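Take a look at the structures below.
In the two complexes below, chain A is the common chain; its partner is chain B in one and chain C in the other.
Up next, the complex of A and B:
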């Protein structure tokens, strides 16, 4: 294997190279990342972190899953969707209803709550063959708003404005999880999603998505069936969003219509633009920035922090800055830092 | 509308493509008008004509990006059958062994060169999406084998050392080669090159002429090109078809075309009046 050229920057974009140590193995990195993140409950029971951080970090993991799906759709395939929140909400309400009201097991409810939104997602994918860009954004936004309105009105299933509650999941019918173990379930789900996404985007499917975004005509000339791959992109994005919604409702334990607004969809979009289009770790970084910083830091600022919707202003300004200075997302800061560091160490060390 | 053609094909055993009475109208404009020509196996066939003659439109009709108003396009596929391309899906054309490049290089800037080449092998991947996501042995093997094949194609074109670099930011000459490499991944029977020399300097153009020759021999395929660089066309083509305003002007060997009165007029204008 000729893997002499490591290129510039971090090795994450190079797939087959750098199998020198297990640390370079991307799968090992994903699992290691999961193990580190899974330590949050331990830190909190040891008194190092406040226990509210478990909820905060947990919700970042949940939003990361949805954002990963949007990254497949928008980052890779170049198709826009502003309907993420609607699908998350639909899955959340469905799973809450199926487990609480109908008493279905968690696993079955998970499957149904993903399958139904995916069917709707595929229908939108059909529409995407006829429209692109702004028009597609408007259609997905409409679907999302229709769903939100349904959550408000269809009180039999959703309890309307008073919200719907759900319990922590019971795995395999006997393993009742609590908050900390549900948190671990979130980590496991995220790591699985990271691995699946990594495999997909570095294979034929990912290249077909790239080809669709890069040039529709070239993609077709190379045999990429646009219908198939657009539907696939929408199906995957909705599946991820739905999984995210199910995890949300069983971790946060309640769902209100007001959660699943356009603001949420825009936040998920901000996650991938800020963190990194077409980057797995970038997505998680983005989710951390968009969902932790406003909660943790901005509210501490004396006057500004009290302004309603200040977090949107923050994300907005951040998006502008990122697009100006790091069009591929803040994750690209790290290779640059590493490059600076390497330069300082001296030129002769470049292979070390 | 192009009606489904059930007529028997008229390809002789040594012919690979026949365009028969091809016409396409855009509104009132007849971009291609009753055009007929035939390509023989293993030929390097040039299509020339002044700007706006409809050359690229002919390519787009053959590859089904445009749906012709009338005519037939018979093609001897990689399975040995002869099929009319009219009415086929754009993405199915490559499966028959017909692949093309574009006038303005259409590559994906954010992908490495080798991944760009692998897009040309899209139809050779048989593993399902699920087995790709789970990296099952079959998907793994396919990826490995096709990656090796892509490397050997890049090696053949002399740019294998660049394989892991991003396509974005590479010089134009390299991009042209990558696009050529992409067409070679699918074991093509017929390669359509839309202005392969555009934007290349003299040295690169000479190399290209050489490459086109060796590709034809090594991959045992036919090459059909549109080109403005007359020196290139005259030096490498076995057969040339000249068109103007969508109509056939002349059809013949390079020297026949050079000495053809109506071709000279189309390019240089009529001598008198």
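Up next, the complex of A and C:
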């Protein structure tokens, strides 16, 4: 902070510091955000929102978790993974199998279902991350094809095309959750992930990520082990995706092979590009745009909205436009608007 | 022996299809320095165009294919003209994201224009086969092999012996210097995108009779073309073609001798292991980035 005070904006910084209250504490903001989001079931039981919105908002939260991981990977190291859906599916099927068929407790199955994909992810990363970034995309594409085939063919484990079912989780062995409380569990998981991500990118690891993003060669010269940090980013992305898969299967309660296709991976990628790279709230905004708008708004449009694939066009066009004209993502709209507003206000004051 | 020969002949056919798709990917990679993920999807879209002209309009197959090739040329050119040309400032990984966005757009447009029901496209030569030393191959298979080889021969002649080929190779080696030397790099890129789309469409038309024309038509071809590029290395034009034929042979051998369900998946895993030992492909060499 002290170094910030030096320089031209000294007065402003001091003023801001003085005004700093608990509201500006990022951790408090995350928790507050969680509390607000957790009110959706209350609103729906009060009759303000339709009850189907719980599922909709819940799935946005689930996809946000996976997207947050991909954001760490793509946003910082510029590596593209096309295996997000594959890993989500693997974790979803594993958790469904472990809890329904083997009767393991939810917590244990959660740990196993995250650990196995992460180990696979690390092996893949070791094979592909030593070269330029493009190899990871191709290798993860191969892996997701292998996994998709596995979901379809390995019927003992996945129940094939008819899909696998799972129950709402039972916490600590006695607390059986229903839809609303599982939704709260999703919110808690998301807030924990947000705090973890925040700490990660602002800690030593985050510094290394930032250095890598600026210049790979410079980062290496400063002693950042490229393979180690790329591997870490990919392992984290896989872990987040797995967690999201586990949450998915215990919230939606079904999993089909057709869910975990390339289209899902692309949607998750669309989330981070549209919402904003390297931004926690941007990820959630992106998830809301990609998954809610097609469901709520586009279906209302006559004729066009009834056609399959309209949501794909929507996300695809949005991705391309954002990359070309607004590379920081839509979350940057808010600070820019605020800046404009402040400028106008400042002008008005100086005039007056 | 005759079984093996039969498998080999069929591999030439599938390998040729993969090679066409891989050539499309590598031409874009070399001239634009980006991985064209939408190659397969655009091929799928243009195969739908062919099928539309054949079944709905009732045109003869050869005319339908020509319509498909025209639409492929147009779609490739439009993509370059509207998007890629205006994305000069976008980072390399950003451009790859753009091609991923293209996948979504084409995946959305196709059912909108052509409906959601699976369609079918017949073979060029419906029946008949020739046999070599006890191994039979259909006339259509022969035709596919010959067309594939002819197109590749033509392309390599184009790349190595003509002025246009020289322009492409110069752009591939260094776009900035090429522009300084007076190479019209914009037209070269435009040509590359159109060519890639044509190659994708041809691969789609060749693979379509073996399955039905659906949105997933090109998925497997696409993945195989990518791993052909990985196997052959991204640094040369002929490496991926060689890789594609090797992949074709290996895939059919694995499917026949090991497992009909898992053969292709085993191949993918083998390629990942291959990367560990020879990361730059069979022919490629390590590229050194200068700061």
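Here is the rule we use: the second predicted complex is superposed on the first by the 324 of 352 C-alpha atoms of A that agree within 3 Å, B and C clash if a C-alpha of one lies under 4 Å from a C-alpha of the other, contacts with A are read in each partner's own complex, and residues count from 1 in each chain.
The rule is short, and it goes like this: a residue touches a chain if its C-beta (ideal position, glycine included) is under 8 Å from a C-beta of that chain, and two chains touch if they have at least 3 such contacts.
Everything numeric in this text was worked out from a predicted model, so none of it was measured.
Undergrad: After lining both complexes up on chain A, report clash or fit for chain B versus chain C.
TA: fit
Undergrad: Looking at A:217 after the superposition, I want to know if it touches chain B, chain C, both of them or none. Which is it: first, second, both, neither?
TA: Once the two structures are laid over each other on A, A:217 reaches both partners.
Undergrad: Of the two partner chains, chain B (first) and chain C (second), which one does A:207 touch, if any: first, second, both, or neither?
TA: The first partner, chain B, only.
Undergrad: If you stack the two complexes on chain A, which partner ends up touching A:237: first (chain B), second (chain C), both, or neither?
TA: neither
Undergrad: Which partner does A:278 contact after superposing on A: first (chain B), second (chain C), both, neither?
TA: A:278: touches chain B, not chain C.
Undergrad: Counting residues of chain A in contact, which comes out ahead: chain B or chain C?
TA: C
Undergrad: Mind working out whether A:88 is in touch with chain B, chain C, both or neither, as first, second, both or neither?
TA: neither
Undergrad: Under the superposition described above, what is the C-alpha centre angle at chain A formed with chain B and chain C, rounded in steps of 10 degrees?
TA: Here the answer is 80 degrees.
Undergrad: After lining up the shared chain so the two structures overlap, which partner does A:225 touch, if you call chain B first and chain C second: first, second, both or neither?
TA: first
Undergrad: Under the stated touch criterion, which partner chain does A:137 make contact with: chain B (first), chain C (second), both, or neither?
TA: The answer is second: A:137 touches chain C but not chain B.
Undergrad: Looking at the overlay, what does A:199 touch: chain B (first), chain C (second), both, or neither?
TA: In the superposed model, A:199 contacts chain B only, not chain C.
Undergrad: Minimum C-alpha distance between chain B and chain C after superposition, to be given in whole Å.
TA: 7
Undergrad: Do chain B and chain C touch any of the same residues on chain A, and if so, which?
TA: 217
Undergrad: Please name which positions on chain B make contact with chain A in the complex.
TA: Residues of chain B touching chain A: 63, 65, 89-95, 99-100, 102, 106-112, 115, 118-120, 122-123, 125, 127, 129, 132-135, 139, 142-143, 147, 151, 160-161, 163-165, 182, 186.
Undergrad: Mind pulling up the chain A residues that touch chain B in the complex?
TA: 2, 5, 7, 13-14, 16-17, 196, 199-200, 203-205, 207-208, 210-211, 213-215, 217-226, 232, 278
Undergrad: Applying the document's contact rule, which stretches of chain A touch chain C when the two form their complex?
TA: Against chain C, the touching part of chain A is residues 74, 78-80, 82, 124, 126-128, 130-135, 137-139, 141-143, 145-146, 149-150, 153, 217, 262-263, 266, 269-270, 273, 307-317, 319-320, 323-324, 327.
Undergrad: Where on chain C does chain A make contact in their complex?
TA: For chain C paired with chain A, touching residues are 35, 37, 83, 86-87, 90-94, 96-98, 100-105, 107-112, 116, 219-220, 223, 226-227, 229-230, 234, 261-262, 264-265, 268-269, 271-273, 275-276, 279-280, 287, 289, 291.
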